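After this come two complexes, each holding chain A, first together with chain B and then together with chain C.
Take a look at the complex of A and B:
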């Protein structure tokens, strides 16, 4: 076997491997998509139809809206808390810094069910907190703060302090320096945190299942879940699942297209 | 019109003093350089003067105003960084306007000052460029323009040329000196490059291990180094251990016995017979001489050439004089006559050499 054939073989093998990987990862999505557009006809045959999408529009859209609103508030709160916290954790040395970081990190390793139960106990029975919309926002803000923290910390670490020093020497105060120099320069890092917070809080299910409680507030993933239980895997349910997946997919693709993976570095670890 | 004084400033990192009781004075309109090897505390000193680092001890005065407690933004300084610190998200114009906007300059004045600043650094027409579209030298010029535009009382440079290639570095150092002469501003400049410091400074502070070793003009430091560190850091030197045989106060000449040689050297006050000294002889001050030239030199020794290395500008000879290797640099057209002289007996003559007291160890 000469080198040319050998290299052809390795390349083919590599492509085959990639195709298998993609298939494994994408297959569930494709199956759902196909299921959502295949409608059984009275004569037993299966036809292509988008009817299920128009059918779900009315009752599923408000759920998506709820999920979007929760995600947006979560992002807003985490950004406001996360940026200064990440700045402090990156730029200053203080006692107990590592322990604090480990503690914040720890939330991530608590199983979702336990976390949700703890929140139900705390919110409902201790604080007598209304477990509706704001209960979700509070739960997700706590649960996903770490993502924002981590991405912002990566951004701050990549930002050489000389830009801030230069701004100070040019006469800018600390706030002016932060708003005019620091924030624009870490912007992409913050967007990485926003992306991750969005995708995870928009799709979150386990915590939602327990938090939904007496208020019966339904997020989009919860709606899909209860519809499966009620109707089985019907084409309308598959359509709901497809819509849910597409929203995250579009957001991620748009992000990668415009900002890239640079600021997701270090977050991949999780 | 600003005189800068740093009094007894100290900065410790854990137990190590990065800056140890440094006293420094930059007279109004002077170009003062802090020269030293990397990690000697010169940049820390500069950042303390700027207010970017708060000293553990000591005070900073601008004229008679104590600015120690003031943050950098209230000191009216200009700071040029080692690595380009132009804001990458702003174009040249906005970068220069930044400091002016912080000072609430009216719009027309900002535009006029941007033009002026770009004119001073010869960078007119670059207003709309982004920092990423500038070469290292251009970016450093814009950075200088950015600090000049705010009309700072003093300008601080932290190794501004160390990331710029050699040719441009040479050009820019004279440029900085020219700007200093044109604007008459007090400047403090940090560098580890001796040639750079010599070319541009009125006064140099040689700093080592957090302390000032010697203060002087370039010529002072070159001709009369007072510590072994300065003697070996500035240029190159031959060191010989010696003992004072006698002193002639009327012409300020000392006779020193060193490794079987007798050397005549000029001295300043405070020396006594039998004092231990280090004799410093610069390789460029020694000439290879003929028998007939003996009377032109106060010191003449004989040796054998161990090695000769041609490096373009000069030929370096290592000459063995009674077991001691003396480095000798031959400049001028003579340098071609000493390419293959290994093993040759030569006569060496020199008039200039200096004595360092209070130290007997030859610096590494």
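Take a look at the complex of A and C:
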């Protein structure tokens, strides 16, 4: 066996391994998708049909709407809070910076159930005014602030401070420099944080499961979960799960199409 | 001037700090306090006691053992399968790398969908039933069992392991490997005596990261694991003792123990990676 055939064999084995791993990662989604469009006929055969989607449309759309609104408000709050905090953490030196960063990220390192349980107790006892829609927004914007901080810090670190210094020398004010130089330059980096916050907060389910008691609000993933527990094998439930995954998938694909994986590397992807 | 600068820094940071204190540290402090009170008495007239922790020590040993078995096995599967994946991604291929990278975002959609999809896979007559027929295992035994729950958990945290191992592989200087090759080591020997030891911090942090994330997993063990493996999990117990039987003290105590364990794990991870962000 000469050198060329051997390298060809190694490369194809490498690709085969990657494809098998990715197939296993995609398997749950594909199976759910196939289940949602295949309807059993009376004679035992299985036919392609989109009936389950039209069936769930009416009662499931409001829940998706609620989830989308929660995700959008979460993104807005996290962007407004996260960008200045990330700027201060990258551009200024002060004592206790590392421990402050660790404290700000503490919530990311706590299991979801414990965070949700702590929040439920706090909502029952201290923040009684928070119940409802804003309770979810507050919980998610605290829980996912880490993603925005991390992506913005990576973006700021890659940005050369000389651009800002030049703008300041040329007579722009602090605020003007930030709005007209810094923000446009880090914009693409911030979109990575927005994408991750959207994907995670739109599909968040464990906090929603625990908070649904005090807030009396049912988000879309939670509705899917309770439907799975009630009548899991029905194709309508599979359709609900597929719709939610497709929404996330469309957002991810659009993002990758326009911006690519560049700004996600070093944050969550190699 | 100096005062102005620190005021500005504080102004930029204070919304984030306030948010985290209000919605994370105060609830966590409440969780800790409630874990020392009896049942739901905190909401009426607090009765302070240590019974919750004693109860956990006496009666919840099996649940902890069960949780750690599942989570350790899933992390082990992840590292064994994720290391070659990251190695190929970093060293071997150029084309389609972005496609494989993007697929790593799919498990982030949440454990709920993974659990539900795998549940269909393992249902009798599912797409993988021919494998079980071939191995002569009844597929009904595969559905509610520990191995299927481990598979689900492994899929859930696979991207984190690939990420951590990949980062540490990228940091290894190629000149070390070239030096080993020049000094007469073969490709296999170079890998096992140079590359693998140098990427060990990445493997460790990937393992711990997977471990820590899966500790909080709820839907996968609940849907895939069946009665014994699925419902005797700490995260499920936190929910069921707290909001089903309304024993808030016990639930909070279980939560505090879980928080402490994952804090220790992530602290070790941060030390192992020398502060590389996880």
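General observations
By our rule, the second predicted complex is superposed on the first by the 264 of 270 C-alpha atoms of A that agree within 3 Å, B and C clash if a C-alpha of one lies under 4 Å from a C-alpha of the other, contacts with A are read in each partner's own complex, and residues count from 1 in each chain.
Simple rule for what comes next: a contact is a pair of C-beta atoms (placed from the backbone, for glycine too) under 8 Å apart; a residue touches a chain by one contact, two chains touch by 3 or more.
None of these values were measured; they are calculated from a predicted model.
In this overlay on chain A, chain B fits alongside chain C without clashing. By the touch criterion stated above, A:184 is placed in contact with chain B alone, chain C being left untouched.
In the superposition on chain A, A:57 makes contact with neither chain B nor chain C. Within the superposed three-chain arrangement, the count of touched residues of chain A is higher for C, of the candidates chain B and chain C.
Shared-chain residue A:104: touches chain C; no touch with chain B. Judged by the touch definition given at the top, the superposed model places A:231 against neither chain B nor chain C. By the touch criterion defined above, A:117 reaches chain C but does not reach chain B. Contacts of A:163 after superposition: chain B is touched, whereas chain C is not reached.
Using CA centres, the angle subtended at chain A by chain B and chain C is 100 degrees, rounded to a multiple of 10.
Once the two complexes are overlaid on the shared chain, A:206 sits against chain C while remaining clear of chain B. In the superposed pair of complexes, A:252 makes contact with chain C only, with no contact to chain B. In the superposed pair of complexes, A:173 makes contact with chain B only, with no contact to chain C. Superposition on chain A places chain B within reach of chain C only down to 9 Å, the least C-alpha distance between them. Residue overlap on chain A between its contacts with chain B in one complex and with chain C in the other: absent. By the touch rule above, chain B contacts chain A in their complex via residues 50-52, 71-73, 76-79, 81, 83, 85, 87-89, 98-99, 102-103, 146-147, 150.
Of all residues in chain A, those touching chain C in their complex are 10-11, 14-15, 17-18, 21-22, 24-32, 34-35, 80-82, 84-85, 87-89, 92, 94, 98, 100, 102-104, 106-107, 109-115, 117-122, 124-126, 138-139, 141-142, 145, 149-150, 196, 199-200, 203-206, 209-210, 213, 221, 224-225, 228, 232-233, 237-238, 241, 244-245, 248-249, 252, 256, 260-261, 264-266, 268-270. Within the complex formed with chain A, the residues of chain C that make contact are 5-6, 8-9, 11-13, 15-17, 19-20, 22-28, 30-31, 34, 42-43, 81, 84-86, 88-90, 92-93, 96, 98, 100-121, 123, 126-127, 155, 158-159, 162-163, 166-167, 170, 212, 215-216, 218-219, 223, 235, 238-239, 242-243, 248, 251-252, 255-256, 258-259, 262-263, 266, 270, 275, 277. Listing the residues of chain A that touch chain B in their complex gives 160, 162-163, 165-174, 176, 180-181, 184-185.
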